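The structures considered in this document are given below.
Look for chain A in each of the two complexes below; its partner is chain B in the first and chain C in the second.
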Partner chain A sequence: MKNSKKVLVIDDGAHIRRVMELKLRKGGYEVITAMNGEEGLNLIASQQPDVVITDILMPRLDGQSLCKETDHLKEKRPFLTIVITNRISPDDRSWINEMRDTQLMEKPFSPSRVLACIDEYFCDE
Partner chain B sequence: MKIQRIGALLIVVFLIGISVVSSTLIRYEKRKRTQDVVNKGHYLVTLIALHSIRDFEGHKRAFFLRTLHEYTSSEGLAYCLIHDHTGNPFVVLDPYKLVSEIPEDIQMKSLYAVALNPQTYQTGKSGQTIYEFAKPIFENGEQTGTVRLGMMPAAVSLFSVEHIGLLATIAFFIFAMVPFVYYGIQLAFKPLGSLSMRVKNMIEGSASGDACVSGESKVDDVIESLDRSLNLLREKYKKLEAASIESEAKEGVIAYEKKQLRNILDSVQYGIVITDHQDRVNHINAYMLHLLNKEQGDVIDCPLGEVIENEEILTFVSNHEAASQRTTSRHIEVSLPELAPGEVFQVTASYLSDADGSVIGKVVSAKNVTNEKATERAKHEFVAHVTHELRAPLTTIKSYNEMLMDGEIKDAETQKEFYNTISEETDRLAHLIENLLNISRIEMGNLTLNKGLVKTDWLVKDCIAAIEAPAQKKHVTIEKQVPDNYPALMGDKELLEVAIINILGNAVKYTPENRTITFSLREEDHTVIFDVIDQGYGISEKDLPHIFDQFYRAEDPQISDQTGSGLGLATTSEIVQLHGGEIQVQSALGKGTHFSVRLPKEEYQLEKQ
Partner chain C sequence: MMKDSDRFHGFLSSLSGISELDFQVWDANGLLFLSGPDRAGEVDLEDSQAFSAHIINQGSYQRASGHGRPPMLGAPIKYEQQTIGALIAYEPNSRPESRSENDPPGKTYDAKEMETFLTNLANLMGETWANQKDMEEMAVELSQNFEELSLHARISTHLRSLKFSGTMVSALIEELQETLRVDLSFVRMPKRQEYNAMVSATGLSDRISDQKAFVDNLIGRIPGATPSLEQDYFIVNDSRTVPEFRQLHPEQYRFLAIKVGHDSHFDGWLGLVSFNMKEIFRQGELRLLQSMAKQISVLLANMDLYHELQHFVINMVKSLVYAIEAKDIYTRGHSERVNRYAMLMAERLKLDKTEKEILNWASILHDIGKIGIPESVLNKPGSLDDEEFRIIKGHPEKGYNILEPLEQISECLPGVLHHHERYDGRGHPHGLKGEDIPFLARIIAVADTFDAITSSRAYRSSKSPEEALAIMDQAAGTQLSPDLVEVFKDVFATVLKQEFESTHDEQGCGDKAIETTHRTRRR
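Coming up: the complex of A and B.
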């Protein structure tokens, strides 16, 4: 079942993309990556990932805009979004609470925790 | 002068005395003569009426008239008329031609009265007063005629012989008495004069207060009482004068302090409006007037709502009132787009109370906090950037380390890659912290240059060594161009190294693989110039003016994909400026960038060293 799940990692840091790709593949997920919000938005539309892991501060299109633009897609096809940010502000909590199936995680994060979070989401499903 | 005045006074008093005495004498004489005329008139008319009418006929009439005229002329006889029983004048004695002037009513009353009191009238010509007496003549019980007699009092003359002596006596007496009366008055009023002098001296402020005013008379007693009262008054006056001076001084101090307070209020860099308990403007300072674009005369005593025409502020002030937080001061931040576009004001409202705690007015202040807000925003952005830049390498280190520790990376090559990444990110973190510390020191003014002789050969060598590893990783060649004789300069070698490494590091980072970077050193007009020329992606015209701004990073993906804090060039710029140097940049997208760091040699100081 896991093998059929696709995870999109969007981050402007190559190291983050690299480590998440390794960790999630080892966890049994198919991983695709994007280096900015704009590229990520295109991949969400074309690849229809089951999980989107995104940073907030990114060039071109930031994580907040990405989430707001993709939230309506979850009505027809629910998917999990994990927002990973350097610093959680009250504003971030506020807009994330308004999003469907969206969780917040602060850097520096543990790849194992991210994997556990995704596993838990699919177990509940 | 004083004698002349006394002489004049005596003459005046003497003349007044004589006038009074003369007037009294004349009135007495007039009354006496009138009485004499009345008495004589009654007597004569009665005497004539005793005669028969026939006694005045024929030669007897002439004899009668002559006798009457001769013997009564000095007694004041004016005329004598004897009428028969029909009223016709039977005998007429009119030596002064006055009969024609007798008024008719007098004549009628005289002819038909039985007995009359004398009638008085004045003649038209001379204005002489005439007393007319009339009496009927009876014979055998029948009236046979009427006697009318006019008498006039002799004119009264003050200087008639019989009065001259009396008048002279009285005049002499008055003349003799005047000096005595004057002396008496002087004597009686001498203490008053002394008192007057004392009062005058007291008023002039030169009174000794010891002038002897003594005496056994009642006047002296009164004067002594007055003197004591005046002494008391003088003391009170002095106290009042002192109090008045003190009061004036206090008023002066209050006026000065008030003026100072107004000056202070006008000099502060925020607007202040002070109202009374009815919310009418009592005072407004210069800043607020300028902000509201109003004149002082237009706003004093006007309601606050008409002066500050901003609903947000007025609502805040009225809500503040409703909340009854009279001892506290709150604030709101408002923008006034019509008065000061783009600026933010912090408005504060507080109450003014008197000693009893009763509210006597309000103070509304408006402070321009645009710069503070910008600084605050910049501070938040700085913290956010620093946090982001610090957490990025930390995240990499933590996650890579976790993967290694969990044994999830099995193959040796990936393990090596992970270890290298951890090492690079650690270096990056250290470099970032170093740049942050330098920026922080520069901004706080704590960065002092540890100047010394900098041998540029060592500087160049150390800089190249620092970027050699990443350059080799990208197969980027560093081409060094240096003169045979390396110039020396004055500076802080460690900071100069940081500055140049930041430029060289960027050149390596933003240059594609297998390209060349030229790092050259030259000397020109006492200036040492370091040139870093790369064949990298270049900087756009839009980004070029901002490359030395803190945390600024170009949005070009070729740039933004590379790790970077946006602090490197900002630090370099500050360090070069601290050395009195400058940086020049030329760049073209797709061709590369040329940085020139120009530093003064400071030879004079070098020789001194």
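Coming up: the complex of A and C.
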């Protein structure tokens, strides 16, 4: 059941993508990656991932815009978004609270906690 | 390793399509890839498995005769000088789609060219596998670093908190156990048992039935002096190699203990145990634990200082109380009794811990201002003149002024200042009314009144508790807060009545007797 879940990792850092890919594969998920928000947006449309993990500060399209542009999709097809951020901004929490099924994690983040968070999301289903 | 050959499969399929060759890729466990799966029936896989085993075994380029067909050719796939697989090429029996009329059946390629080609291709595959394995390992390590970094951040958040407690130690070592993926993590501090904690991975109880005893044994066997202890840690990388530790568990385990302490001060041990011998304790983990152990220790030392200071203030305040009691023979024991009554009421009122703490000090100290009142006035028998009365009435404000410089007890000041306010607003010093009088001050007023009536004063003798309650009932709503009088009556009925009665039976109905008994009970 878990095996069929698809996770999209969007980050401009190759090392972050690689680490998350490894961790999530080992956790039994299918993983696709994108290196900026624009590419991520296209993959969300074409691949319909069950989970999107995204950075905030990225070239082309930032994580915040990505979340805002994809939020309406969750009305028909809910999916989990995990926003991982390095920037210190008290505002982040407030706009994230307005998004459906969206969680914030701060860097330095723990890959195993991200995995646990995803597991928990599907647990509730 | 299997998945890593994936990227060659497309390449080999295409190669098979444009050449006269089919390919197989094997590793020690079996077939990974076969080109032209529709022609699979034409090859004897048992033959090719034996051939792949032969190549892996020999570690060099091999030819196998094809039983009348063109031979099978195979090159070893190597990884760090070890043969881990085989690439096999052969001409299938029938390839009608690619075979032209002119080609003689079973065309053989130049043997030398073939060897070079297959060997190079196999080397390339080996290198790719190796690169991918390296990448994978690096990603694992990076992932581990991420975890440690994140753990560091979380731990320092915990440690920044001033209210360090036993549950926080548990939370810390739980984080350690989870993040470092050890089977057991613990903190053992002989002189601070309240901070002792132990967290184990699920299923460890199957291995160790009494984990506490196991930990005690581990710590007990740490030798008094080894070189590593100068750096504040002790490590057993493999329990089988150290007899004292081998005895503790039939299975192989590793054990790392870090001294919790700073400078020459020793608090205890922070320890990890793991039965996973594929992993080792790493430098990074050691550094993390060392800094954590040091921070815990500094925090404990700070708390000690804080408590010492607190203790000093408490003792000083107690001396103040003794000082007034030394002056005013009639109020001896009064502060302690009022304190006790007030705390019983607090219990009944279900006040929270902080409020209780404040009330505790306020009730003990409520009459501290009497220290500034001449003994002649305090102990005067008979009635006071106006001037003397004015002086007596000034004691709450005097108390306030005496205590004000002590920051630690600043919160109890309102209780001291307002304990002579009256519910109807006719009290002093501010003439506050009803609910405007601080709640804790109203509690003290009730407790104070009861004790004043039931003990003898310079100007009158004592009354029985029942009489006191009747007087207080009348004063409810004028002098005293009515709801709090009810609370006190409840406390009296459930707790105090019995005590007064037993005192009466044993010692007769003397004030001194009541007083002594209560003083004794309080100690």
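Remarks
Note that in this section the second predicted complex is superposed on the first by the 124 of 125 C-alpha atoms of A that agree within 3 Å, B and C clash if a C-alpha of one lies under 4 Å from a C-alpha of the other, contacts with A are read in each partner's own complex, and residues count from 1 in each chain.
Please note the rule applied: a contact is a pair of C-beta atoms (placed from the backbone, for glycine too) under 8 Å apart; a residue touches a chain by one contact, two chains touch by 3 or more.
Only a predicted model underlies this, so the values are computations on that prediction, with no experimental measurement involved.
In the superposition on chain A, A:35 makes contact with chain B only, not with chain C. Look at A:60: by the touch rule set out above, it reaches chain B but stays clear of chain C. By the touch criterion stated above, A:19 is placed in contact with chain B and with chain C alike. Contacts of A:73 after superposition on the shared chain: neither chain B nor chain C is touched.
More residues of chain A are in touch with B than with the other of chain B and chain C.
With both structures placed on the common chain, the touch criterion links A:108 to chain B and to chain C. Comparing the two interfaces of chain A, the one with chain B and the one with chain C have residues 15, 18-19, 22-23, 108-112 in common. Interface of chain B with chain A (complex): residues 384, 387-388, 391-392, 394-400, 402-403, 406, 408-409, 414, 421, 425, 555, 557, 560-561, 563. Residues 15, 18-19, 21-23, 106, 108-113 of chain A are the ones touching chain C in the complex. By the touch criterion stated above, chain A contacts chain B in their complex at residues 12-16, 18-20, 22-23, 26, 35-36, 57, 59-60, 86-87, 107-112.
Those residues of chain C that touch chain A in the complex are listed here as 135-136, 139-140, 142-143, 146-147, 149-153, 178-179.
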